[in-house]
Amino acid sequence: MLSLDLLAANLLSPVVLAFVLGVVATSLKSDLEVPPAMHSAMSLFLLLAIGFKGGVAVSQASLSTLWLPLLTTVAAGIATTLFAYLVLRRFVGLSKIDAAAVSAHYGSVSAVTFIAARDLSARVFGEPEGILVALLVALEIPAILIGLWLGQRSSRGGERMWLSIREVLTGRTMMLLGGGLLIGALAGAERMQRVTPLFFTLFDGVLVLFLLDLGMAAAKRLKDVRIVGWRFVAFTVAVPITHGVFGVWLGTALGFSPGGAAVFGAMLSSASYIAAPAAVRMGLPEANPSLYLTAALGLTFPFNLALGIPIYLAVARALS
Amino acid sequence: MLSLDLLAANLLSPVVLAFVLGVVATSLKSDLEVPPAMHSAMSLFLLLAIGFKGGVAVSQASLSTLWLPLLTTVAAGIATTLFAYLVLRRFVGLSKIDAAAVSAHYGSVSAVTFIAARDLSARVFGEPEGILVALLVALEIPAILIGLWLGQRSSRGGERMWLSIREVLTGRTMMLLGGGLLIGALAGAERMQRVTPLFFTLFDGVLVLFLLDLGMAAAKRLKDVRIVGWRFVAFTVAVPITHGVFGVWLGTALGFSPGGAAVFGAMLSSASYIAAPAAVRMGLPEANPSLYLTAALGLTFPFNLALGIPIYLAVARALS
Amino acid sequence: MLSLDLLAANLLSPVVLAFVLGVVATSLKSDLEVPPAMHSAMSLFLLLAIGFKGGVAVSQASLSTLWLPLLTTVAAGIATTLFAYLVLRRFVGLSKIDAAAVSAHYGSVSAVTFIAARDLSARVFGEPEGILVALLVALEIPAILIGLWLGQRSSRGGERMWLSIREVLTGRTMMLLGGGLLIGALAGAERMQRVTPLFFTLFDGVLVLFLLDLGMAAAKRLKDVRIVGWRFVAFTVAVPITHGVFGVWLGTALGFSPGGAAVFGAMLSSASYIAAPAAVRMGLPEANPSLYLTAALGLTFPFNLALGIPIYLAVARALS
Amino acid sequence: MSDSGLAWQQVRLLTIVAERLLRDRILRHLDQMSVSGYTVIDSEGRGSRGVMVDEWQGDNVEIQILASIEVVDRIAEKMRERYFEHYSIILFAQNVDVLRGDKYKRP
Amino acid sequence: MSDSGLAWQQVRLLTIVAERLLRDRILRHLDQMSVSGYTVIDSEGRGSRGVMVDEWQGDNVEIQILASIEVVDRIAEKMRERYFEHYSIILFAQNVDVLRGDKYKRP
Amino acid sequence: MSDSGLAWQQVRLLTIVAERLLRDRILRHLDQMSVSGYTVIDSEGRGSRGVMVDEWQGDNVEIQILASIEVVDRIAEKMRERYFEHYSIILFAQNVDVLRGDKYKRP
């Protein structure tokens, strides 16, 4: 099912190779480093650019076709959060607080995984649906809210919960993705054309630099992996695959193209490591951050980048 | 006179929408932020790129046609500074020092307003005259000198004045605009071609990012607006309009195309918020910085960006 | 031999003019500055992009044609290091330690000199051989090892030597150049195409910004020039010319095109100011850093940028 | 305190090192506590927790506050109560000499 | 001062926090005042003025100077005279222990 | 030490300012010396040497370490032995008050 050239096309792409270079550099204790300001600049650029792309797509779509996918996405975000929570409680045996914290990450979404999936998918199947970006925005928040709610039932401080929710809704990720979406939709394809050379043409190149940086960050996280236990490690692979295959099926049921369904699968599969950690750290400070950071950035992200995405593409091809 | 689609073309441009996003993010107390190093990098890029563009234009113009516009621009810079000073003394009732400090800003020029005007003008009327960049450089300095001189008559320390003048002339803005102009003129169009993809093709995209950042800065400045009084607020709109319409008329009289005249109007209308504040802070430390920063960046810049520029375009169209 | 239009083509290129602007700004004590994070970001970009370019070239070359140039390059790196050491001991009269430290720089290579030479060469003779980048990587290290070894014979601490060697091999420069080379070679031309707009199309523009920054750094270094004595200053010009002409001859003997031979000459001629200083500072701390930094960055780099490169081009043209 | 003609006065300098995420909250506390000002410096660090959740903005911040003993104690108390248990945060205090000491001594 | 074999000596540490615009001027003063060195750190802050005119380079700088009591007083006096009235600037001083104390004690 | 109900305890604060190149080595020393943590700040500076070889990463770093007198002396001794002769490096120490003093007092 998972053809070799799909794997090769993915593993030999500059994006994945740059990630590997980052991991190698950190393992060799190289003094290579990406300045923090450059990291922020690239995040900002990538999120805004995704927003713009999605906004242009939305401006060309009829709004009536958006509601069903949007609602389905929110429902899927809630379902995957709860499923991850159950697995973490029953199978991994985490405490309530830790399980809630981790599940918030696995119900939410990683924008970079989305981008990498979109890239490979576009090369294999042609451009996927543009409205997927709108779904990306919709998938980000619900899981975090559910996770915070699950965790704070067993903890003090509901006030803290509202503070955290406020922070997620006005946080950078939402501002850039959501704001970019609005700008793209309001300006429309023609007016956006003058910013195309920066935001669209350079996108893949910036992604390569960003993944070099993420590779270094992921390798640092991996040092904590000994602490977490094999059941937890198994979780970080098995649950994403489950979510991913479920997502591909759901995407196909929604009538997406095979490429779109594969990207939708990768979205459900991915775990947030930008918006969720900050929100969970503020809202559930008792939870152990090593757990969710190691899992989302150190294990699930590399897994999806290298193997997960080709798998979801293969599943999408098989289902179509 | 001010047609609706001109307004729409402006307000729905990604540049203006990005500014609004910045204002909104700051109002919502979002943690969105542009790293200071990225801000500096973008300023540097934009100023150098404008210089390059102007230099290439100047290298293609005959120098004999440059003298009249240059002298007129310097004269106009002095005239608008004095006019602003009078209005601030008589109508707003500022102290001599504060009036001098603020008028230095309104006689000088904002490079970003120039760029935004050039952009809209190019879309509506086609590319305006390239030598406008040389005028931009010429307009920057005189007002600051006049302002410092007006202020320091009533204060101690002529030594301080010379220090400030030295600093304006060797300051970043002059180095990048003036240096870029020289490089562009010396290298010429053909040799500059290899840097076109970075400095010219990406220009509009970088401008969008820069305005996101300026939106956040402007919103922060606006918090001080309560202190300044309604007469001062009226000044920040009425005087720029006056300067702008005067500039359009002057540009038309100089034989510019309608687009060029509109851009020239926007230049005269705009208030400096990079070069002037630093120079005035050093040269007139007794002046209240909240006044000139709130006015130039918090009020006049957004006004021009949203409404002023379309107005000057409409006036130019009517006069031509 | 050195035609005037070759000189003009070089001196009026935006890259050289930007360097001059940087020197002027620093001499005028301007407050112009490139944020450190932007400096690092540009270094990272340029090194990785060179690596990518070379990797793509290597992926298209047959490996059997690579061995001879590679071995010759390593031998030339050792030879130039030893030659520089002899001149520094006999003619300049430096101490053993200082001579070893400086010779490590002159046997190694400056990536920016390589790029500038490649640029001018491409404009004059057409694209030079792509495998030159692989030679650049090979030329970097041997001289540093020889220099450390020369210096540490007369000093304590062999342990320190191994630490330094480890650091050179895992240092940023190697990671980015070597890692980029591997990525480019593994991914191949077709897969790299999506990152072309960032890494290849923008390359020259970024180089202009980088040289503005280097101009400021070089001007700062030049302040120390009084301390070093005229014999040392003579060394910083005469030895690079010798190395450069030798390199052009060697490149021609290796069968390179005239452009390729000229670039090879510029490589041998150039002195490292990124990798070597850091390694030498750690491995030979007794050596005086002002010597090697002033020489490599303050004297030899500007000389090569302005005059050396056109000279090697003229020599290559004469030899072909 | 020195022997010169300058009127050095003693106040207390409190330094807080905390994970970046707490930055805005701590500054909001300070704004409410009649502090005359503060200085914030980006920093990195290692400690007993070593958590860095905010890849975006880098590691830690160091916040320096000049204030009277009482105010410094009140701030320290607040930090202990709110953040010591679950967050990466340390603080230390010392006496320093300032000119214009009244500036820092709002009650 | 500690009890170890190390020869700790007391000198004075002066810390100046000022708006970025003053940076180069203050350093020029220091160069003229026989100071053996200084350390400069970028910082942000809020104070009684809270002015930031230089969007370009960010907020404040913190400058640390190790020197003798006399030199520190001379610097403080100069800062007060030149900048206290109109600019955002504060300073504080304290005693610290250094090794190689002579290094910091040029007259 | 203040008079409040808070249990301030005295420990020693060591500040090292060194050229950027030494950063990772110094931190490796600290990791081996049973220090409970450290804080690192980017800085620039001028001193008796004023060497900056690492254009890439900027100038100096300032490293702050809270520890017992003994550990601080041990670190200072190590720095003197290894780096004072050839590198740009200075250090100073002072007493500060902390809460939870035991945290910093591993032997």
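Some observations on this one:
In this document, chain identifiers A, B, C, D, E and F correspond to the written order of the chains, with residue numbering beginning at 1 in each.
One rule holds for everything that comes next: a contact is a pair of C-beta atoms (placed from the backbone, for glycine too) under 8 Å apart; a residue touches a chain by one contact, two chains touch by 3 or more.
Every value quoted in this text rests on a predicted model; they were computed, and no experiment measured them.
Between the contact lists of chain A and chain F, the overlap consists of C, D. Most remote from chain C, judged by the distance between CA-atom centroids, is D.
Superposing the C-alpha atoms of chain E onto those of chain F requires a rotation of 120 degrees, given to the nearest 5. Ranked by how far their CA centres sit from the centre of chain E, the chains are topped by A. Here chain A and chain B face each other with different sets of residues for the most part; under half of the interface numbers are shared between them.
Chain A and chain C, compared by their mean Cα positions, are separated by 41 Å.
Note on chain placement: the centre of chain D and the centre of chain E lie 19 Å apart, centres being C-alpha means. One finds 36 Å separating the Cα centroids of chain B and chain E. In chain E, the positions touching at least two other chains are 41-42, 57, 94. Looking at chain C, one finds that residues 31, 33, 35-38, 40-41, 172, 197, 202 touch two or more other chains.
By the touch criterion given at the top, residues 9, 12-14, 17-18, 21, 24-25, 28-38, 41, 119, 197, 201-202, 204-206, 208-209, 212 of chain B touch chain A in their complex.
Residues 35-38, 40-41, 44-45, 48, 52, 167, 170-172, 175-176, 179, 182-183, 186-188, 191-192, 194-199, 202 of chain A touch chain B in their complex.
Chain contact summary for the complex, chain F toward chain D: residues 2-4, 6, 8, 11, 13, 27, 31, 36-42, 66, 94-100, 103.
Partner chain E is touched in their complex by these residues of chain F: 12, 15, 17, 41-48, 60, 62, 69-70, 72-73, 76-77, 80, 84, 90-94. Considering their complex, residues 36, 39-40, 43, 172, 217, 273-274, 277-278, 281-282, 285-286, 289-290, 293 of chain B touch chain E.
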